[in-house]
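In the two complexes below, chain A is the common chain; its partner is chain B in one and chain C in the other.
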Partner chain A sequence: MTDPSLTVRSRSWLLVSTGLALLPHAWHLPVWVTVFVVGIGLLYRYTLQAPQHTVPRFLVLALTLAGAAGVLWQYGTLLGRNAGVTLLVIMLSLKLLEAQRPRDARLVIFTSYFVVITNFLFTETPLIALYMFAITIVITATLSVVTHDSDIRPAHNHLRLAGTLLLQALPVMLVLFIFFPRIIGPIWGLPKDAHAGVTGLSGSMSPGAISRLVESGATAFRASFSGPVPAPEQRYWRGPVLWKTDGRTWTTGAFVLLAPASKALLQPQGDPVQQEITLESHNKRWLLALDRPYAISIPATRTVGSEWLAPKAVRERIRYAVTSYTDYRTGDLNPVLRKAALQLPENLSERLRELAQHWRHNASDRAVIRKALEYFHNEPFIYTLTPPPLDEDPMDEFLFETRRGFCEHYTAAFVLLMRSAGIPARVVTGYQGGEYNPVGEYMLVRQSDAHAWAEVWLPDTGWERVDPTAAVAPERIEHALDLSAQDSGAPVRFRLIEGGLLSSGLRGLRYALDTLNNSWNQWVLSYGPGRQRELLAALGMQQANWKAMVLVLAGLISVFLLGIAAWMFLRKPHRSDPVVQVWNTYCRRLGQLGMQRKPWEGPRDYSRRVAAYRPELASQVNPITDIYIRLRYDNPENPTGLLTQLQRRVRQYTGRAKRKRTPPDKPAD
Partner chain B sequence: MQTLTLRDRFRLARFTRGLGTEPGPVTLERSRIFILPTTTGLMFAMVLLVMLLGSINYTNNMGYMFSFLLGSMALVSIFHTYRNLAGLRFSMGKATPVFAGERAGFDIRVSNPSPYTHYAIELIVGGEPPVSVDLEPGHEKTVTVYRPTTSRGLQPLGRWKVSSTVPLGLFCAWAHLDLHGNCVVYPRPGPRRPVPQTAVYKPNQSGDKGRGVDDFACFRPYRPGDSPRHLFWKAVAREQPLLVKQFGGDRADELWLDWHDLRDLDTEARLSQLCRWVLDAEQQQLRYGLHLPGLQLEMDRGSEHRHHCLQALAQFRLPPPADD
Partner chain C sequence: MTAILDEIIDRLGRIILGKQHQLRLALACLLARGHLLIEDLPGVGKTTLAHSLATVLDLHYQRIQFTSDLLPADILGVSIYDRETGSFHFHNGPVFSNIVLADEINRATPKAQSALLEAMEEHQISIEGETRALPEPFFVIATQNPAHQVGTFPLPESQLDRFLMSIELGYPDAAAERLLLQGQDRRTLLAEIEPALSAAELRELQAQVDDVHAADALLDYLQALLDYSRHSPHYRHGLSPRAGLALLRSAKAWAFLHGRRMVLPEDLQAVLPAVISHRLQPASGQPEILSTGEHIHRMIETVPVT
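Here is the complex of A and B:
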């Protein structure tokens, strides 16, 4: 069959729907790609204006090569997530230029669907989901337009059709989403950059690492508590524990320090804190939890540093319950760990060692700690996000010269001082603080709450938390940083309690939005094999195997499809004409009296028959018939007035007939 | 409604050929309509599969959701495709006679008693390009479809297909129909060949050449009832009495077109030749009659007579040997 050329109308639809599908990619693609694609869109628009405006083939070819070369130049490859999506975007826009026939148009439309789905690799917020649904309606309408290129239905007709189709598809989609057997991905390898752009604690710390992380406003995790929310000074969320340093960078150290450790490490004191954490993907194994985590609901290992590690790097949002104790003792320190907790860099500066020795002089461990904190508090140290760069011996320069630093500087210097004084110490990275959302009743912890603190080992209590940052800037523990008001090199400003109606209103809105995001994450985005098993178990399918799941799936889909079919085919067509409605009421009423209107009987004949059969009704029936005929077959000047008159008369008539509802005379026909 | 036995329902022939010839009108209902994915639909399924695999690989729930949304949409569109055909009523209209070798046009009446507008209903006959029609609720339209003819006789339209890919082109619903209704196919006109019998000049009691519309004969005074087209207007302009142009010669020449004059040809060639002569005689305004073995059509003229003659030729069957 010959494929005729596309009409300008179809091609305009294609342009609009492709543009809408590509639009959300503009946020994360390089600027030149956006410019390139918009240029092609304009070129396509130009070809729509007149039939003689065509794009020569060599130009399309040249643009294709240029696009591919650009991607290669940008990413160094044509494969992978970012390069692949960029290439797809460019090729879709170029395919548009070539779309001359319905077959090409369908290819463009299917590719548009594909471009829409690739957007979910970058963002999955409910807002984007809504936008995608709207775009899908437009793309589907375009499919309808190009499929029936020649017919002249108006645009809204196609849009309504697409909307109807997609709304009818929703129930079946939900069934598939919930019951389609989920497996733990990936099936095959993911491109290396599949999780690019994920922020989080890195498992190592060097000057500037945390302050860089703090600049991200991204969510780290959300925590909800079954009991009371812990006080601000207890909101330390434990992450990677760092033992080993070369004087600049801190790392987790030897493999043994990440090995599983026994439960006996922690002797709880006081009441447990139950929390449920929804951790965002951060591409590392650490499972963040309130310090100190004691037990966790998912398979994970506890390290000697009381960290919890997932079996694999966390590459999707996960949820787990944790029991933590804010009050605890830990046991003895074995020789291996003691050695690790006292490790010092080879090139430790003399000044630093002397300072520590000076404090140590016959003093107890606690006295040394107190002196160190007093040192930070009394000397002119400044807590700043943008400290001056440190060169050869960073800790020496920081302690004695620049004296400006962020939490990682204070913590690293403090731990080095402790170790120099012979006190086992280590660096703990994690988060401190969090914003409580009263709408969703959970605590939101952002990357900007990233923090580092120290732990020292004392013979009587075991490991104990010491936060040297608190000695310099006690406000840090109570308040979040105010990232919008940081000056270069200046002390950190904190977000104090916001006052005023407007700001509290805005805060409420922000809470509501984040609650929406959180519910979306909980119920939609974190639905996986585990949740599916839970749900099926709750539905009574304890040992759900594939066969049973496929049966349930097929059964439910059939039920929903039948429902939609019933709705489509059994629904009485909507009679919009009120005149016909009133007339039908009237005929029904007469029908009850035994005078059904015959299908072939016009209103005039009908009323004549009624009048002949029941002469006493003639005075009512005749005017009703007259008005009806005028409304239906004349073109009266005042149709609304006549309609109300008709309605009134019919109402009066039926009302009266109801009142004397004596059994009607035996109908003779 | 036709009831089908279970065995009938699963007959493959019903799927590929429909229910056979039947009188109209026919309403399309469940038992007649079939639906299968189109090539576009299969392509769409491939795209969906790739989307689903990608979603599984990336464990992307939004991806799952989107793939499922499009898949469900395709499923739901089956109902829309079906509804676009269901309930339509088809019956055959007239078919204008044609000569063998021409395309025979058949009128098909389509009516839509359902409350929905049906879009892009395609009627497909043989290898002809499909004819598309839109039908609003309660409307009826007549669609002419064509089928090539090769030989004279009564040509049925035969099996044809009504199909629709509304709304998205992913599925095609179709029904095969074969309704009673024939088109008369006249023989293919033969080569121009002189009529062996010359036209017979017959004196006529109403005048030398009779009265008619062909040849101008004379002027005569106007009588009430004369056609104004025959008025001699120039005389009116000269303020002379009204004159009427009298024509004559209608019944002057009579011609017998005889089967037996064409002994040198075979049956079909003879019929073609007779067909040609009928056309020529009609064109020359002759009165003619047709003589076939076992059939004689009396002298007459006019389009109706011409049709009768040509139809007789179209449906001619050589009687059993005895006559010739």
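Here is the complex of A and C:
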């Protein structure tokens, strides 16, 4: 039982569809894998040119081993997302070399479907989804080509068939998507290594940390406001609060600083700002929100630093509503926190301490702060993304020698100066600014908006935000960074609002694209149990449990299928011809006796076959056939009479056949 | 009437052994006023078939051996100057007969071929400004060697279309061949055979074939077959309306030959291979897995009889 070899046409289809399925992986797999796969594709292309061009078995075996060895060398394992997908990609391309027969070709096709799905392990953008849909059509068309191998109907026939099939599946897909009971978690359960490359605030800060983060254009989160959008100088998005330093690195400090704190920590002053945040996965527990967050809609912990922490690291995109107050006071500082807010590194530089003491000299807290900010403003400090490296005592070198730094340098130096002057202070990291998208009416905050600022504790108002960067580069607060041209040590440039028709057009397009992305995130990717419950409630299904949902699901799909069945049934030409009706009844009855009329069999051939098979039936079958032929193919004088005759005979016959069938015929010995 | 037709088949069958189906097709072709193309290797009895058909039907028979140097005048005839009357006198060519056997038609040049093919279509010839009618009935049996033989001019598609049917005789089966080897010389048998029908009676039968009834249900089936050929990817072109008419005429003759006054789907199925095999070209790029016969078989098994 060997299938015939596939035609060159089918195998070319196979090559193209496999190539298209593998194409998106070229972006995130190592370069050598792409080269390897393209090489195998070319080898396959070569075998298509003539039947004598074959790839020897040992070569396929060698390539297989080489591919597996390559994956092991690259990742040190064959498991996990990256290694697994790479292995799958390599093996699929190798399977192509063996695809000479329909059976192998089908294997390649089904694996291609799977490879297409693995794209979702890397990106989930609407663009890739669209591409995947198109590719699925091509792969299905290839399946059709391979199945009808000897046919030569044109390519668009196969593509149309595949498109029709997928479009027909679309309603079922939508019903399943909306009503299938959801479990908590992302659509794709990802292996651990999938979170490796996630960028975001780390919960610690050392010189250079934030300026590195700023180079990423990735989205941090999106925020939409139910009221007016806060002014640019209020757009501080609160993230990790750092208390402890060793002179170079700042960390969150003791565990107690992340412990739950009471609501009384914050005394709101002005109007609340309501916002809804869609936070991208960043593999940490912090839930970012506009400074200062007061209440949050999901289970989370408030810390003494007014941070909000999710119970677990955020490993998928989540959505939550936050109430913030930009105008507030905080309460007293208890001794533990005061100690933490005054902690200084052991090897603090003398120059720094002297500078702080010098300012302190009988001055008030606010005067000290003003002097520090004036110092940054008046001395030749430069705000740059690429400061010179700092060695032994970074803050000393920065303050008195290099004087070039990014926000983390200014903030860290400022907090150290404050603590040296006896003012409790801490570092806050987060984001500052963001780009308002007028199309989607939300604010897009990127990693490049990452920022660090200081908070000082004053006896009359409590914790108060001070941004030393604003003293050096006030534009930072108003404008985003321009990352396009950054020479080493050069001052930062800012992206000013561009004029011109083209740039505003481009901006509009970018806004529209990001809005699309955002809706896709909200409605497709984040469609979890919560969203599902909301939607079902809107549809009038309160307290939907999974049983009810399964019932609705089954019901909707049944209705859909019944609809299709009804349509197919009604579409069939209505048989009003009584002659044909009687004849069909008769044929059905004979069919039940095991003598089915073949669709293409004429009446006379049929009755001859029946008579040859069951000679005892000939006396009834022949007259029926004769009358039928006269009615249907001749021009009889008395059709009504003949029809009655036919009906009577068929009735008699079917009755008899039934009786005959009841006791099974005994074999005639 | 059927008795006479059966008698004709019976008499022919005594000379052409084991080829009942082909004989019936040939006779049906004649009754449907169509011309017959026999495609086969030399020596399977093509000439014998033509000759015995003429004898049994009591028709005037002429044979033209087509060669590469055959001229149209060799087929149609030529005017010769008559010295006594002082005028040109036309001498009828071999085409002026009831049954013309054009032997190995693909050996002649297209010019000579077209001279005969024109006569087939019009049942008359135009020569030297004069139109001359051919005798009735006029029936051409052309034989053709398979085209891949050396030194042939294959008939173009448009001319193949003028033949109502194309049949293959094929080798006789073992039993028939044994009888052939044991029996008398075919030529002697041919001489002994007696006519069963007069020319006038044949014309009468041909007229009756036209009256055979084709019901709407049958025309539906015929149209479904034509439709299939036009939408199937297997053929370069679908069947033409002329091919549809040819199918109906042949099926009528076939039904008549079997003693019926109405056409059944089975009649269409029986004549289908002979009528369409020379009219359908496989589409280019089609892997040559199926023979033409197998294709037509598939066509029959695909289109349902309702």
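Just so we're on the same page, the second predicted complex is superposed on the first by the 554 of 669 C-alpha atoms of A that agree within 3 Å, B and C clash if a C-alpha of one lies under 4 Å from a C-alpha of the other, contacts with A are read in each partner's own complex, and residues count from 1 in each chain.
Here is the rule we go by: contacts are C-beta pairs under 8 Å (C-beta built on N, C-alpha and C of every residue); 3 or more make two chains touch, one makes a residue touch a chain.
None of the values given here were measured: they were computed from a predicted structure.
**Q** Let me test your reading of the model: by the given contact rule, A:Leu525 touches which partner, first (chain B), second (chain C), both or neither?
**A** first
**Q** Applying the touch criterion given at the start, work out whether A:Asn635 contacts chain B, chain C, both or neither, answering first, second, both or neither.
**A** The answer is second: A:Asn635 touches chain C but not chain B.
**Q** Applying the touch criterion given at the start, work out whether A:Val336 contacts chain B, chain C, both or neither, answering first, second, both or neither.
**A** It touches nothing on chain B or chain C.
**Q** Could you tell me if A:Thr136 is touching chain B, chain C, both of them or neither one (first, second, both, neither)?
**A** In the superposed model, A:Thr136 contacts chain B only, not chain C.
**Q** Answer with first, second, both or neither: which of chain B and chain C does A:Val580 touch in the superposed model?
**A** second
**Q** With the two complexes superposed on chain A, say which partner A:Ala512 touches: chain B (first), chain C (second), both, or neither.
**A** Touch partners of A:Ala512: none, neither chain B nor chain C.
**Q** Find the residues of chain A that appear in the contact set with chain B and again in the contact set with chain C.
**A** The overlap between the chain B and chain C interfaces on chain A comprises residues 150-151, 153.
**Q** Mind listing the chain A positions that touch chain B in their complex?
**A** By the definition above, chain A touches chain B via 1, 106, 110, 113-114, 116-117, 120-121, 124, 129, 132-133, 136, 140, 143-144, 147-148, 150-151, 153, 161, 165-166, 168-173, 176-177, 180, 183-188, 190, 194, 315-316, 524-528, 557, 561, 564-565, 568-569, 573-574.
**Q** Can you list the residues on chain A that touch chain C in the complex?
**A** 7, 150-154, 580, 598-605, 629-630, 632-635
**Q** Help me check something: in the complex, which residues belonging to chain C touch chain A?
**A** Of all residues in chain C, those touching chain A are 213, 215, 217-218, 233-234, 261-266, 269, 283, 285-287, 289, 300-306.
**Q** For a test of understanding, state which residues of chain B touch chain A in their complex under the given definition.
**A** So the residues of chain B in touch with chain A come to 40, 43-44, 47, 50-51, 53-73, 75-77, 79-80, 83, 115-116, 119-120, 129, 132, 134, 165-169.
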